[in-house]
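One chain, chain A, appears in both complexes that follow, with chain B as partner in the first and chain C in the second.
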Partner chain A sequence: MKRRLKTLEALKGWSLSGGYLLYTAIFWGYPFVWLIVLAMSKWNFLTPRRFIWFDNFIKLFQDELFWRVFINTFNFMLYFIPMVIGLSLLFALGLKRVKLFRTFFILAFLVANVSSGVAYSIIFQKLFAINGPLNDLTRAIFGVTIPWFSSPQLATLSIAMMVTWKFIGYYGLIIFSGLQAIPDTLYEAAEIDGAGRWTKFFRITVPLLNPSIVMVLVLSLTLTFGIFTEPFLITGGGPMRTTYTFQMLIYTTAFQKINPGYASSLAIVVALLSFGCVILTRKLVEREVELA
Partner chain B sequence: MRKFWTVTLYVVLFIASVLWIYPYIWMVVASFKPANEIYGQFLPSRFTLEHYRFILEAADQMDRSFMLALGNSIFISVIVTAGVLVTSALVGFSLSRLAFKGRNLIFNFIIFQMIFPGFMFIVPLYVLIRNLGLIDTRTAVILPSLVSAWGVFMFTQSFRAVPNEYLEAAKMDGANDIWIIRKVLVPLTSSTASIVGLFTFIGIWDNFMWPLIVVRDYTKMPLSVLLASFNMQYGSYLGPVLAGSVLQTMPMVVIFLILRKYFLQGISMSLK
Partner chain C sequence: MKKLILLLAMIFVSISIIGIELVFWTAPNPLQERFWKETVAEWNANNADIQIKWSTIPAAGSSEEAILTSIASGRMPDICTNIFSGFAAQLIEADILVPLDSFPDFWELIDARKMRPIIEKWKFGRNYYVLPIYSNPIMMWWRMDILESLGYTVPPRTYSEIYEVSQKYSIINERFGTLVVMGRNWWDRWFDFITYYYAASGGAPYLDIEKARALFNNDSGKEVATFVNEMFRNNWTAVDLGSNPFYTGVVLGGIFGPWEINQARSLFPDVFKNIVITPPPVPDSYPEDDPIYTFADTKGLVMFATTKHREAAWKFIKWVYSDIEKDRRWMEMTNLPPAREDLLTNSIFKEYMDENPYFAAYASHVAYAVPPALTTKTVEVQDILTTFLIETIMYGKKDPLAALSDSSTRVRKELF
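== the complex of A and B ==
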């Protein structure tokens, strides 16, 4: 009897997770295999596919546009990562200090995070437009018009600012919950030993926040490699291709230049780059933290 | 001195909060302004519903039916969210509460799956959807998102934490598995269900690149793609574009505000 129940349980278990495995085989495993096959093929979706081994990859590293986008991506990081980490940290430290209205501040910043990618791109496009409200303001006060999305360097910065606007609430809260986990007794003990404000910050807060900061770093790095909607809708990759991103390159290569093989090899390289950045960051920044 | 800094901190946070909500406020207010006042003054001379009337009626004649798109978005998002919740709960149940060979292997595989970013699969998944003859259908948007590794992971983790006594008691009363999941496990882990539901809904509602690729038919498009295409072609119709943006944003914001408690829990859970 007991044995039969056990078999029945195993049967149920297998049929439920078997269903999951079947679905995954079709919508994850099959595309995964095809990704690799396509990356080594020349194809236009219609005529018979031709196997060309690593030609796509070789072509990729000689492709001027690939390197343009490569530089764009790191240029974007240079603006985005310090800005988003710095401001999220400030936001979290500010939150820690206030008692009243805390929920209000959190919601105000988080609501930006649930904004629709399409809608907020459109809104920022209009707000930052040459004749838009922001330029009206700067013209009235300083008498200057700022070409937010039409000057090459500024366009990258503007998109970095938009994405920062969207993610500060989320990242700030991750750091905030890291701050909450630091026991007050540590600060009290340090005060008894005569530690000042900055000593406490750099010797206690920063080291103990390491896991949250690494988490935010990893999230923002992965995000950087996935940006599509904002430049696609606002700048179309311009001016002078400075806001062209890897996702846009994959999209246009596969569906406008009808070259899915090349796009697949690109997707693999981008994923590897993204993994590489994450692993490197973890190696450089991550520290063991022990909270006894 | 200390008091001075506290007051300054509050003032800074208040200003920053207003600044952070400002794009929303501007969007909503501007969508009710007469067209010639959208740029220029913040408060209009009068409020008007003409832009909303435009996207409800006139946009249909431009081949861009916002109402149809809104319907598509709701249809797709509700089905995907329900699908993810049901499948995640069932598979999560099997991986946490049923003993069978290979269980841990499957669970580890699910974690392994989550390493790979979604963009890797876009091109081959398009080939698959095309071979299935699903291009230009809502099914093409729904099908690849119907089951989520992350959802299964979340449900498995939280079902594991439920003490065995609850399940034993239910079994004694002759409860079957479905009853146990619905009346014992899910209620005890309601925050997980809310988090998975909320993030899935927001993710699919806001999904842009995938429906852009697989749906070119204006009558099958979700709102995100239709709004983008309307903005690209008729960007000078500023009022209707903003009204459409309000339409696209509001469901997400409302659901976020209703489930905000779980969103916060979700953030602290993602740390573990």
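== the complex of A and C ==
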């Protein structure tokens, strides 16, 4: 009887998780194994695949373009991460004070997040053009023209601004939920002890927001390694390859230069770099927080 | 047992009746789809023994991506259109295309379609694997209304004439002479450097594929590099000019293909009537009576070596392209010039040319439109031209001739 029950339980378990396991095996496991096989192969889709062990990886670290993109990625991070975290925090703090139409504000900011990357890239391209409305304004007020997408450094900043605009609403909501979880009693106790506005912010809000900030940090780090649409459509990786991203490099290598083996080795290295950055960030920033 | 034999016999008979089925893919373009739908229906109605199963190239990031995926999974079509030269070179090197000149009546078809000089530019090794369908010469558009207001009766032809008109018209960061650089993607080099180079050199090749050499570091290349440099150093051109700078009068001229005609006619009718179409600009020393060559944005048709019915596939291809009426229909439906030299001289096309003078301007240059180099390294070469030639000149990072020499060395290394 006991044995039969056990079998029945096992059957139930397998039937519940079987679908997911099968899905994972087909859509995750198989491509993952194929990625590793491809990374160690020379292939052009057309001729038979040849096993070359680690040659793609050796070539990768000698590739001038790989290192250019590596620098671009960290350059982008320097602009994007402080900007998106700072503005998302401001959005969350503002949202906490807003009592009326809060849902409207949330939805207004989330619209950017659900917008089509292609559509808003075209809009920003026109907005930031040499003869676009933004430059018309700066010329009228300050008499200067800003080469948003034409200057090598500014192009990276411009794309960071676009991506920040897209993610403020989403990241802001994550921080907002962290803010909501901080008990008011903590602030009241601090006020009794004579703490000012800034003391409360830096001693209570920021430390207790650590889990939310770490989450936003991890999400924005992984996003940095995944940027594709905006530079692909607007700058094509230029000027002087300064906005070329890893995803663009992987895509062009696989489907335009027809070298999927090398593209796979790139994908593996980029994934490892991304994981490395996430682990390092968590080690440096993450703190244990107890609200109870 | 008897029933089984009867069933097998019925299957055999139905297969025999159905005959050959050829899978045929064409470009995912609504105008071209209309043409092929009509043409394939006509063929299928009259050829019960060879049926064409037509569809557009499956949806993907690009046609090349879809075709590569089909090859990798062994599900490629028998015949496919929309093949550009670089991709064709890759397919040829992989030995998966049928050399079309292996069919005994290949040259008969080429002569019937008046395309012998055009097909010569598609030779790979000793064979011809691609049948060019259409050839879009890339031409220069000018705003004649603005030019007239500046006191000109004819659009500029040479670099010096462009400098002169640009100097008159340009206001820094507001108005510019012409669009010189078409963008920063690798494919944009087809429409600027390679177009200017063909114009300056009388259609000379920019790469020697067999000897793995870059040929553009010569007098013509130097003229082009100097022209691009002059335009940028004097603020007579710019990139990132927002939407439709030509139609809004931000620039006086720009490089366009014939696909722009319909858009201009429907979206900017007031500007449309003031457009004049000319060949790309040439150096001052270019002889006035010589024809001006340009880049051909051209796509062709290939037959995959995996097809089990080569003769049937060739029969279909020959049927389509030996009929001049079909080229006329193609032109009327797609507004793309068929790859043939007699567009202006053959009376069949006359009515359409008379009604569409802008299209006729393009058709007049089909014979002087040169396709890009048949190299498997198209992306790599044009990436180098973008970063180490065009952008280097745009940002004034190097002397234009030094940039030309550097990019030429890099291209040679890439080809080698």
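One rule holds in what follows: the second predicted complex is superposed on the first by the 268 of 292 C-alpha atoms of A that agree within 3 Å, B and C clash if a C-alpha of one lies under 4 Å from a C-alpha of the other, contacts with A are read in each partner's own complex, and residues count from 1 in each chain.
The rule we apply is simple: a residue touches a chain if its C-beta (ideal position, glycine included) is under 8 Å from a C-beta of that chain, and two chains touch if they have at least 3 such contacts.
What you see is a predicted model, and the numbers here were worked out from it, not measured in a lab.
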item	value
Combined model on chain A where chain B meets chain C, clash or fit	clash
Which superposed partner A:T199 touches (first chain B, second chain C, both, neither)	neither
First, second, both or neither for A:Y170, with chain B first and chain C second	first
Broader residue contact with chain A after superposition on the shared chain, chain B or chain C	B
Touching partner for A:N44 - first (chain B), second (chain C), both, neither	second
Which of chain B and chain C A:K126 touches, first, second, both or neither	both
Partner chain in contact with A:P147 - chain B first, chain C second, else both or neither	second
Which of chain B and chain C A:G238 touches, first, second, both or neither	second
Chain B versus chain C as contact partner of A:T252, first or second or both or neither	second
Partner chain(s) touched by A:T138 [first = chain B, second = chain C, both, neither]	neither
Touched partner set for A:W14, first chain B, second chain C, both or neither	first
Residues of chain A that lie at the interface with chain B and also at the interface with chain C	45, 126, 129, 131-132, 251, 255
In the complex, chain A residues that touch chain C	44-47, 125-126, 128-132, 135, 139, 145, 147-150, 152, 235-241, 251-252, 255-258
Residues on chain B engaged by chain A in the complex (per definition of touch)	6, 9-10, 12-14, 16-18, 20-21, 23-24, 26-27, 30, 39-40, 42, 87, 90-91, 93-95, 98-103, 106, 113, 116-117, 119-128, 130, 143-144, 146-147, 149, 152, 177, 202, 205-206, 208-209, 213, 224-225, 227-228, 231-232, 238, 241-242, 244-246, 248-249, 252-253, 256-257, 260, 263-264, 267-268, 270-271
Chain B-facing residues of chain A, complex	6, 9-14, 16-17, 19-21, 23-24, 26-28, 30-32, 34-35, 38, 45, 91, 94, 97-98, 100-101, 104-112, 114-120, 122-124, 126-127, 129, 131-133, 136, 165, 168-170, 173-174, 177-178, 211-212, 215, 222, 225-226, 228-229, 233, 247, 250-251, 254-255, 260, 263-264, 267-268, 270-271, 274
In the complex, chain C residues that touch chain A	61-62, 64-65, 68-69, 71-72, 90-91, 93-96, 173-174, 183-186, 188, 238-243, 245, 250, 379-380, 386-387, 391-392, 394-395, 397
